[in-house]
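What follows is one structure encoded as structure tokens, with my remarks underneath.
Letters A, B, C, D, E and F mark the chains as written, and numbering starts fresh at 1 in each.
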Amino acid sequence: MKQRTRPRIPGLIWRVLRLGIFATLFAAGPAPAQLLDFPKDRLVEYSELNPFDRFADGRPKVPDGLLRRARELSAEEIWAVLEDKGYKNQYADGFRILHPDKPMVGRAFTVQFMPMRPDVEHIAEAKAKQRGIGPLMNQTAIDMLQPGDVLVVDLFGKKVGGTIVGDNLFYYVMTATKGGGLVVDGSIRDLNGISEIDMPAYFKEVDPTPIDNVMLTGINVPVRIGGAVVMPGDLVVGDREGVYFIPPELVKEVLDRADEIRVHDEWTKKKFAEGKYKSSEIYSSPKDPRLKEEYQAYLKQRLEEIRKARARQEK
Amino acid sequence: MKQRTRPRIPGLIWRVLRLGIFATLFAAGPAPAQLLDFPKDRLVEYSELNPFDRFADGRPKVPDGLLRRARELSAEEIWAVLEDKGYKNQYADGFRILHPDKPMVGRAFTVQFMPMRPDVEHIAEAKAKQRGIGPLMNQTAIDMLQPGDVLVVDLFGKKVGGTIVGDNLFYYVMTATKGGGLVVDGSIRDLNGISEIDMPAYFKEVDPTPIDNVMLTGINVPVRIGGAVVMPGDLVVGDREGVYFIPPELVKEVLDRADEIRVHDEWTKKKFAEGKYKSSEIYSSPKDPRLKEEYQAYLKQRLEEIRKARARQEK
Amino acid sequence: MKQRTRPRIPGLIWRVLRLGIFATLFAAGPAPAQLLDFPKDRLVEYSELNPFDRFADGRPKVPDGLLRRARELSAEEIWAVLEDKGYKNQYADGFRILHPDKPMVGRAFTVQFMPMRPDVEHIAEAKAKQRGIGPLMNQTAIDMLQPGDVLVVDLFGKKVGGTIVGDNLFYYVMTATKGGGLVVDGSIRDLNGISEIDMPAYFKEVDPTPIDNVMLTGINVPVRIGGAVVMPGDLVVGDREGVYFIPPELVKEVLDRADEIRVHDEWTKKKFAEGKYKSSEIYSSPKDPRLKEEYQAYLKQRLEEIRKARARQEK
Amino acid sequence: MKQRTRPRIPGLIWRVLRLGIFATLFAAGPAPAQLLDFPKDRLVEYSELNPFDRFADGRPKVPDGLLRRARELSAEEIWAVLEDKGYKNQYADGFRILHPDKPMVGRAFTVQFMPMRPDVEHIAEAKAKQRGIGPLMNQTAIDMLQPGDVLVVDLFGKKVGGTIVGDNLFYYVMTATKGGGLVVDGSIRDLNGISEIDMPAYFKEVDPTPIDNVMLTGINVPVRIGGAVVMPGDLVVGDREGVYFIPPELVKEVLDRADEIRVHDEWTKKKFAEGKYKSSEIYSSPKDPRLKEEYQAYLKQRLEEIRKARARQEK
Amino acid sequence: MKQRTRPRIPGLIWRVLRLGIFATLFAAGPAPAQLLDFPKDRLVEYSELNPFDRFADGRPKVPDGLLRRARELSAEEIWAVLEDKGYKNQYADGFRILHPDKPMVGRAFTVQFMPMRPDVEHIAEAKAKQRGIGPLMNQTAIDMLQPGDVLVVDLFGKKVGGTIVGDNLFYYVMTATKGGGLVVDGSIRDLNGISEIDMPAYFKEVDPTPIDNVMLTGINVPVRIGGAVVMPGDLVVGDREGVYFIPPELVKEVLDRADEIRVHDEWTKKKFAEGKYKSSEIYSSPKDPRLKEEYQAYLKQRLEEIRKARARQEK
Amino acid sequence: MKQRTRPRIPGLIWRVLRLGIFATLFAAGPAPAQLLDFPKDRLVEYSELNPFDRFADGRPKVPDGLLRRARELSAEEIWAVLEDKGYKNQYADGFRILHPDKPMVGRAFTVQFMPMRPDVEHIAEAKAKQRGIGPLMNQTAIDMLQPGDVLVVDLFGKKVGGTIVGDNLFYYVMTATKGGGLVVDGSIRDLNGISEIDMPAYFKEVDPTPIDNVMLTGINVPVRIGGAVVMPGDLVVGDREGVYFIPPELVKEVLDRADEIRVHDEWTKKKFAEGKYKSSEIYSSPKDPRLKEEYQAYLKQRLEEIRKARARQEK
């Protein structure tokens, strides 16, 4: 419930700054006000393998239908494909989770903060002012969120003053993203109020202070969350364990493989429930040729059913 | 379910002690048996700004009506006033919380323990005996609790042997304080049993051992809980995040400001729910003059309603 | 959902191994394939005080009736007897707990892993092959579980690759042990899936990776879990706080004492609820002779009732 | 190199304070300005077993000659006596140590800080002013140090703003205590400068900030340092491992036992160096009767030598 | 002694990549191969206050003469100016320090790594190849170092595989920077070898593995080291406590103020050594008017001497 | 300087034990008294690849000549071979190191402790007594040490009561092993005394208490130290970073490869010192064909010199 505190500007030096000494530099062009820049052409270049449409800003747009399917994914199902393709670092955990029984799925909208540094901050703000966009703050980024986005924020694990939102802005994020979600390597405030809002969130800490002593340094730039690199437009999936950031080019394969895994697990548990087998006779794959056959038939049939059900649902 | 183990007393030296060698010293007066003393006149002196009545022991007595109102407070609402007044250290967190969805509100009753030191302990016990009050232990303090109190205990983060209560004494604390609550920088035992008792509690650890290898050094003395100083009689408020210790002189202001904040947040979310505004047009305060006006009218009306409702309730 | 990755075997050296150079050594006898051996005679020797039957493998078999009674135990009740008998190290905590409101009770089935070391692993596997039992892995042990067992696993706190089971094998453990339970000083995977399975579990971490870079070094050998030594056949009891490993020879005494403690606590709380007493008049034992008498009568009557009720139930 | 920042005083309320509203309260007597009070009579009472002289303020004064002897003590030698007497908590470690090869020995001069709390601080300062002693700060205590003292400070582990001294005040402490020493459960600053000053120090952290956001709450009050209780006048001994706080009544016994231990270890190593014995034949005491005799004779002779040498030295 | 392991490239997808599908994108221009770009014009813009020359790449070039003077700075002297100007976040600590008694001074040359992500890495390498610069790795950055540089590396605290250099490359860094130094939020290897090389270094961990499972994402971009933001060209100063990153525009003021502080401390200690004053009579500034005068005269004279000595030295 | 405290034996039960009820069980044979057994035939089996002689107890005996050569090894040189052969887990770090500039080299003599458990301990002691070997304690193992051994102890990270040796026994270990060394995942005591003894040691903690509340469970059994598996007879090498446990079959290869690495690094630094090359022109291998040739010639010549020098030395 309080806006981010602006840094107190040390005297003399900044007076010079305000006199417009930067005018010529800023005249040039459309570079963003914040410190780090990851323009559309670089984003497109570095997400070249994206098989889907893109947003106007260049972010890959995983289709809504796949987002719906992704709501059933678990971390292990995703791991199976990503590990296989050599992506070992797309997972982050160690979060406190709001509504852990509610899956989080959406497209990554990334924001980066760094510790406040007055000279850098002042120039960023002068540029922002010149371009008529007001001081850079958490709301600058939050106001750009789209339906289906998950807000992914690098606040470098900051607790005190590292609170990306309280209950008001958390509520706004929910309405703007249509319940997408939040991942912050930092903290939130107003946990009492936030607990009543029906959107999943992954955060490291909770603190009563508002965001402070930081500066917004990037919007939709590549960010690091724990041991994972997040690119804008990645598919973000959170379950009870942690959060996966899936490159768009792997989304379809993850979802298809997940169908198989789910059928596999269904069959495996059915067999275990019969109480006739040792685990190694059935799992990870049946040893007996007849069981193998039985499984293959089951798999084929259930996948068909799943696909049909999905087709019906999509209509 | 076991009383605190008494320290084994090393032989020879204490035999001398028992012969009453301290008689003259103790004759003097009403100083308490425990090591640290914070007599009534000092307490009154250091809580001079208290606008309310006091208990017989000098503790400020925040009125019951304000305790009731305080049940709606959240950590952020308290932060708003305390930060503003220069109180940056009245908050403690990092607790495990029992019944986190149930607010904890009450007046601080403080207790301090220190690691056992036989010479000090023995003298304290000799003094206690002389004054006919039995050995000093956790129950000495617990038996002094009043309705509306929250028991605030400094056990210096001790886990093993740092268990202020098990389920029996926790139950007693609930009956004696009428459900006030417990904050302990230490541990509790009997979590299974305690979980069934309807009183909020904030503790660092859980352990099966009873309290041991410590000595009671102060009752209603100023104590430090994490980074906060707690004075006897402070208003204690716990929510899902942590615990605030509010000096009596700030209670009224905190409660009044909280009313405003709650109306502000109510209006803000209503506006966000309409889906027509960017967050920065509404929050932290509306930019558009007409919206500003709308908000002011809403605030005025709702505060009146709240006050009326409260007045009805108080009757 | 994935089988344990086998270690990649470094080339040349192992080719030699496969030529059967160990044949003579292995010819000898029935020593197990895994690195560490705790044969039946040693187990019997070291659990000589066991008053109950034994499994074929020598493990003490705490009777089913006592397992049922043990479902009501709490960590503190167990502490009372074990501390008294000089067993200070039979408790482990610091776990994340699945279904904390559901007690875990069973007989310890222990498994030990160590970090993978190719020379040791290769010899263990050559021995296993020779004896026709396939590669040693988590399922080797899991397939030996009996009804009433709790699987107790030393994975030395390993998170990544230290996942003893995912949801499929967790489901198998539940069916094989009839809902016994799991304690792992390591991690599990598939928390989403596991959360839906009705068996208690105590684990340190959760990770999406399958078990990897470890070797199975012992089945039903003595293992260390945190600060506790677990012998095969110990009674394992888990509550909301942690896990106790009770030597068979103390089980009966623990259960009987627990009855008394429960009656004591029942009476104590009743007295507190009356609101007439200070805690120290009643607890830990009543001071007033008449109350003492009242308590003794109550205790006697309630213990009788409990025994009768139990007798009825057992029929 | 910067004085402690005074807390910014929140407006209105304090204006009242300054008008002298406390005058009557303060008139009473000689109670100290700081929050916590441990007056001379209590100190004498709680250190009744002290066999030595006292300072004017009541602190036990372990004689200079014993301080000199104590320079040879190691933590283990002290442990031997204290454990035996039931003092299990008089040791603290986990410090960074300045000049670890230089023993630290002296009489405890204790200081306690708590987090800043404006209402309490303001009253303490008003009282100080009234008594003409200026604002309470770290130098208030430091200026009271005597030769042979070790400054023992509870700054509750605070790093940023928890710096009891920089190089200037560290130099002052060295001159005032004649090289006594410093133990702080908090931090120091100016490590570069301090490293060049020849006095041992035990501290938790180093930070460039000056002391801030704390208030001085006690001088020569009992303080807790880690798991130890320190009474003013305790003998403080620091070695490479940590710091022992020895009650005055045990000093003589510790020193005498240490002589024996040192002779014992001297003889034991001599025997080991001969290479003829297994460790258990010699240590912890010789098994063979002839060796026992040899040891007893050696012990007797060496203790005599030590005492004579000491007597010569004392002259 | 081993080159960074290249990521194993997952099959099919990359075959497409290698066919040159990116040709058109890359044709454009001189953007760097690595993921993040902070081109010269942005660097100049964001370091506009730099009063000194610049390197060809835009980095501010603090003059060699000032680097020499900076060798005498301590963290506290820097803190005095930076705090005053509102720069609270330019300090990082928690490092293991090589040669802590040797000051580290130089101009920041920054490098950023992120966890390996195959799609991003592959595109970065394709771009690098197209521009003829070989695969991006730690040596790519290291080969660009200039005399007087300090290599500042963000390896996000990685221990295993987070080793920026072993002894060979550490030796190279020393020759290339003329003994500048190294700061890495990550690890080094070959500590035995490195210990013999005479250049200061600040690192979090030591590990025997070579750098692995990361990708180079930025050279001379703004990086975060702990709680500090480092801009390319910042003056880096390391002492026994930690590392300061000083914006070029503040370097002169820091150095001048440090002269005063050193004279102040010299005088203060001289006074303390006389043994006639309490610390508060002298420090932080003398209270007595005559002493004030004495100090002012001393300060003036010593500053003159220092400046003259410096002038002689510079010749 | 104090022998390990024996566990207090709980009454009744043990009286039975003492009556010799185990006599028949113990009659059988030569199994060791301690809980875990790893008899000679298993040790030989599991170290089948050992190319060297063995001790009488079956431990591989890496020859003295190779021990001498191994004194020059660094962790990175060992890593190069072990990683290559698939041994990823033979390294442990996180120790405090005594005499870090003195290499530690020797053959692993392993000891395992577990937390005290009275029933197990009592049976072990009864067995020991029957076989005439006195109570099992740290000295039981220490008295078996041979010249060239390094004592490797699993005390599961225990600090208080986890002290394997004080200065007396440390001195004994030095004389018995001829300066071999100590690695303990636990603590030591008497750091002051130990610091003066010229043998390297790797330990986690220091504490003044003697070893307590543990039982000796294995001598020369496989143990886990951190993430490494240590087999009796492994070559132990410690440097400034940590400790490597090298299987005997890899010792020769490690030493030979280390020669090459040292020559490689020598040449690389010589080239860097010339100041004419970028690091990537030289390192990790020279790019230029003529430099390649130069390097090959240098390598050949230096290896010859080294071998000749070594041959001379061996004579």
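In the analysis below, contacts are C-beta pairs under 8 Å (C-beta built on N, C-alpha and C of every residue); 3 or more make two chains touch, one makes a residue touch a chain.
All values derive from a computational prediction rather than experimental measurement.
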For chain A and chain E, the touch-path distance in steps comes out at 1
Max Cα-centre separation from chain E goes to chain C
Check: chain pair from A-E, E-F or B-D whose contacts match over half of those in D-E is E-F
Counting C-beta pairs in contact for C-F and for E-F, the higher total belongs to C-F
Rounded to the nearest Å, the gap between Cα centres of chain B and chain C is 39
Distance in whole angstrom between the CA centres of chain B and chain F is 52
The positions of chain D in contact with two or more other chains are none
Touching pairs of chains in this structure are A-B, A-C, A-E, B-C, B-D, C-F, D-E, D-F, E-F
In their shared complex, chain A is touched by residues of chain C numbered 1-3, 134, 139-140, 142-143, 166-169, 171-172, 175-176, 189-193, 195, 206-209
Per the touch rule, the chain A residues reaching chain E in their complex are 7-10, 13, 21-22, 25-26, 28, 31, 35-38, 41-42, 44-49, 84-90, 114-120, 123-124, 156, 213, 217, 221-222, 224, 227-229, 231, 247, 249
Listed in rising order, the residues of chain C that touch chain B in the complex are 74-80, 83, 91, 93, 101, 239-242, 244, 261, 264-265, 268-269, 272-273, 275, 278-280, 283-284
